Amino acid sequence: MFKAERIDDALIELLCVKGQMVEESLQKIEISYDDIASKNKGPYQTETIIEILQMLACKTSKKEQDSKVYLHSRDHQLENSIVKVGDTLIGDQQPHFIIGPCSVESYEQVYHVAEQMSERGMTLLRGGAFKPRTSPYDFQGLGLNGLQILSEVAKQFNMSVITEIMSTESIDEAYDYVDVVQIGSRNMHNFDLLRAVGKLDKPVLLKRGLSATIHEFKMAAEYILNEGNNNVILCERGIRTYETATRNTLDISAVPILKQETHLPVFADVSHSAGRKDLLIPQAKAAIAAGADGVMAEVHPNPQVALSDAKQQMDLLEFHSFMDQLDNFLHRFSLSASV
Amino acid sequence: MFKAERIDDALIELLCVKGQMVEESLQKIEISYDDIASKNKGPYQTETIIEILQMLACKTSKKEQDSKVYLHSRDHQLENSIVKVGDTLIGDQQPHFIIGPCSVESYEQVYHVAEQMSERGMTLLRGGAFKPRTSPYDFQGLGLNGLQILSEVAKQFNMSVITEIMSTESIDEAYDYVDVVQIGSRNMHNFDLLRAVGKLDKPVLLKRGLSATIHEFKMAAEYILNEGNNNVILCERGIRTYETATRNTLDISAVPILKQETHLPVFADVSHSAGRKDLLIPQAKAAIAAGADGVMAEVHPNPQVALSDAKQQMDLLEFHSFMDQLDNFLHRFSLSASV
Amino acid sequence: MFKAERIDDALIELLCVKGQMVEESLQKIEISYDDIASKNKGPYQTETIIEILQMLACKTSKKEQDSKVYLHSRDHQLENSIVKVGDTLIGDQQPHFIIGPCSVESYEQVYHVAEQMSERGMTLLRGGAFKPRTSPYDFQGLGLNGLQILSEVAKQFNMSVITEIMSTESIDEAYDYVDVVQIGSRNMHNFDLLRAVGKLDKPVLLKRGLSATIHEFKMAAEYILNEGNNNVILCERGIRTYETATRNTLDISAVPILKQETHLPVFADVSHSAGRKDLLIPQAKAAIAAGADGVMAEVHPNPQVALSDAKQQMDLLEFHSFMDQLDNFLHRFSLSASV
Amino acid sequence: MFKAERIDDALIELLCVKGQMVEESLQKIEISYDDIASKNKGPYQTETIIEILQMLACKTSKKEQDSKVYLHSRDHQLENSIVKVGDTLIGDQQPHFIIGPCSVESYEQVYHVAEQMSERGMTLLRGGAFKPRTSPYDFQGLGLNGLQILSEVAKQFNMSVITEIMSTESIDEAYDYVDVVQIGSRNMHNFDLLRAVGKLDKPVLLKRGLSATIHEFKMAAEYILNEGNNNVILCERGIRTYETATRNTLDISAVPILKQETHLPVFADVSHSAGRKDLLIPQAKAAIAAGADGVMAEVHPNPQVALSDAKQQMDLLEFHSFMDQLDNFLHRFSLSASV
């Protein structure tokens, strides 16, 4: 009989031999319950022994491990991905801001917002031209006209346009007007659309689904990366929970998890997460403190008459106050609010 | 001063006059906070008075009220919609069963399932040819080949094919092989796809989104109905909750709510809701007891080797046992398990 | 070197020896990362080897394994537990109904409900004397007076009283008036209270916590059983989800899961789960179809003026209609609505 | 007939008279559907008119309005409450840290943690003596012995003890050893316990329930305040959601909402929210950036052998690294990590 203090040493020794054999494919992995049960003299249950043999079989399978190195993962790429939008480098350790109205409603509306952004040297202009709406009777966006307005205003102020594309059909017509294609929450699982924007030569801002797990979110990004488009920006935007004080619950932990597990830039959309203007500043500060590469927020010259999401959009004064507070916050970290 | 007992009468009188004026558009709805505040001598808060004036402005707007009678609602159509699939009338007060493998894998696989269904006189054959998968590296379905297999087997047994379509692009190529187009949970908010199948002359089985509210589910159906396709079947399939004992939580209350509030047939998918074979029978009984028009479940000749959802699919023996128990259950209600 | 085909045999042999030693306590369980790392020659990661050693250390602990056959489990007791309340046998394969007002408000109120129940031969009278309320300023129940009313009315009609006890302090004063002690959702995790009612010689109706998992629910029952009280009735009452069409989401799957995994009777509270009277009948039918041993519902002679939960309580006419429909439903299964 | 532009003026006038009458109790609030229906000449529905009359009846009820100024609200007290614990002022605009092991296991264990805290000038020592555990067979804490250990170590280092009390019975025996009574998540709805600690002359740290809404959380605090104890600290600790990457989802928005709507100090428990050590630093930074008055975290000299929550506790080195990073973060805001 083995002496008590030696049994673990013997086990480790044997495990090393076993591992080597599996690795050299000297041993086919075939586990027969009956065979093992007949050899098992106890006291462990046969299931326990089978579980161990299965662990030993798969943990050396190098090929399987390799296939698990997803394109989005830090194991695939250690350094942060930098997504270039105009002259702005998203993911360069400085927080950037994507600002604009929920929906494009008119040239004047977009112009007024962009003008104020321009005063602060900001360049990332968002606006919805195709709007996903719960009801078919709600305002569905200005479509192509909206894109043209965005593009025209952006040119005037030397800005880049970020806008949602809802279907593969509209990619072509939108192409010339858009600098960053946004995939909305409701389309995070629209795999054909993910594949289509994966073939584009423009960056994609991918929003987390309404109730997507972080794993599903990363795998949606994988669909895009797998088609060859490496310029993906992830955007946490709040998840569905039982809480009704906020429209969604900003999952702040998703930010550091995504930063740790992927090499992609991570944004937080503070307008959609809470659906409350009074939480924009603390949410934005929290997101940046947690490591976000940027913040997305909605601004409208006259939110009371906005055709969508009236409650959550800042007016121009509120926008400046928001940016002043964040600039001050960032300044203390020696970080300028980037554009 | 008014006498106490008269004040309400005066108010009612005045409200009637106000309503008449609003209706005749004699009065523009323009509410100025400052103006009302200056006229308000208390004790009500100005906000209270504004709230009342807003109620009065919108509650007479007859056009708005009319638009709220959604096409899916019982107010729009009192009697139950019957959706004809082959010779089967879905919504005819008898529960129907949609059965088949999760994914189409081979002709033999589908044939074996259809053969057993045929023995029981069942006609609604499901199978996935285009599979929405979290990972781009997972089995994505046989595509067009899968549709051809389904269609061929269905013809042989005089059955109808129900299969998921994931994009507007694949509608055309799928058209000839499909009898009922399924919109999956991940696409319930893919509004372009909803509109596209709304233009088809084939019935649509619409699954509830992973975390869609019942209101959002009904409005997704409205997108289809609004394009002219009245043959919509709703399918509750479990929602995302914190509970981990089941893959999703079957929202049994959604069945009677949808039956009350819409005129559309309502199914329950008992395979995806729990993700556990041991709950299929009680869930199916509960769904029927709660008023469902039918049940959807997955059957595979050899679930252990299934390319997707191995754990939740019944084998052929389990399928017959499932149907025997439900037939017995239905028989007691003088309802034959319809086909 | 071992020959390839022998390595698993050797491993099994060694595992048996190891298990025997651990069992005979010849080996102290002390795992040092550094020590193992130094002995590990690869290719397995040291973490893998530690994981295996930890499995081996705990999986032979027979005492621990035994303790895992929980008192609530089917493995501990194969046959259904029957809980006797007066002459009623809960868990006897016939559905029973627990009926009464949300809160006890007056003798007359309880009398009117009990009188109607009595007409139908029903014996399980519920009513809240101690009410858990979100706000300290809301009606907190009549307390001891409420218990006396319940008890007096119950005696008159030869019924049993089911009422919630919220603290260990009130158990003594309540004892004489109560036949079944209810533990409410908000107290499912009040472990001291669970232990206290575990020492009582009266049955306990344990409600699932607002967001308790099924596992946590079973373990809460275990606290009671572990103190010696075997008369535990489980009650599913809806869980918190994002859905707002119902107050809670009745987790219908919990019923068959609890029936499979425990030997305890399982009820469904259809009043609290949905918070909507129009769903009481389909929910009750679904619960019984899914295997529930009974249904709990609230009835009030005049719900509009109820001091709590006005919207979800049936009036007396609605109560008879509810019971008529369920009697009819049960009759078809040759089951009489038990009392 | 009134002229169009005068009708609103007349209505406002009439509403003021009505309000005055209700206030002077000249008018009994008795609304009869039939009576109003007979007087209503349209076009408003009778329900609309009744709704308005009900608004008018309750909105002047000053007593009701007053009762709605809850003790916890900013309307009741504009300035921040400061809770004094030893010489530490919680709520004084500087973040404070509550540190210690999950469970008290031995004198040495607590001593080692307190010693390191003392080096950094920290004074708020936490440790669990009574442990709420899902299973009755899990380690339930050292009870009174644990309290004595905590108290002895705290005295040695001039610290204050924060520990959970799970029942009204243990308040007396714990009293002498405890400086701040913690109410755990599972007891947030244990109203008798809330009332009991509301009568204490010691501060209470109240944790948010596992799935409590922010409203319910505030009302639980109200139970304590309403008994006369004003020294309540709120603690966000993550809520139950569908996400499985973290144990709970830290609801970061709850911090600014609670700071805006109450005058009480707000902490964030970063150990229980995520259940992952790798998220402690970003979560703590986010909480402080969002306005939290402090952070709670678990430290154990040897987490691998901890009797509870092994995965989420920092060891002593990790603790110093955690505090170094937060000190650095706070320093940039000219805030010293308070004690």
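Order of writing sets the labels: A, B, C and D. Residues in every chain begin at 1.
We take it that a residue touches a chain if its C-beta (ideal position, glycine included) is under 8 Å from a C-beta of that chain, and two chains touch if they have at least 3 such contacts.
What you are looking at is a predicted structure, and each value in this text was computed from that prediction instead of being measured.
Under the document's definition of touching, what chains do chain B and chain D have as common neighbours?
Where chain B and chain D share a partner, that partner set is A, C.
What is the set of chains touching both chain A and chain D?
Common contact partners of chain A and chain D, which must touch each of the two, are B, C.
Shared interface numbers for chain A and chain B above half of all numbers used, same, or below, different?
same
Sort out for me whether A-C or C-D is joined by the greater number of C-beta contact pairs.
Answer by contact count: A-C.
Report the chain whose mean Cα position is at the greatest distance from that of chain C.
A
Between 0 and 180 degrees, and as a multiple of 5, what angle does the rotation take that fits chain B onto chain C by Cα atoms?
That pair's rotation angle lands at 180 degrees.
If you average the CA atoms of chain B and of chain C, how many Å lie between those two points?
32
Please work out the Cα centroid separation of chain C and chain D, and write it as a whole number of Å.
28
Cα centroid separation between chain A and chain C, in whole Å?
Roughly 40 Å, centre to centre.
I need the residues of chain D touching at least two other chains; which ones are they?
211, 215, 240-242, 244
Please give the residue numbers of chain C that touch chain B in the complex, ascending.
211, 213-215, 239-246, 249-257, 260, 273-274, 278-279, 282-283, 285-291, 329, 332-334
What residues of chain B sit close enough to touch chain D in their complex?
By the definition above, chain B touches chain D via 1-2, 4-5, 7-21, 23, 26-27, 36, 39-45, 48-49, 51-53, 55-56, 59-60, 62, 211, 240-242, 244.
Which residues of chain A touch chain B in the complex?
Checking each residue of chain A against chain B gives 67, 132-137, 166-169, 186-187, 189-193, 195, 209-211, 215-216, 219, 222-223, 226, 240.
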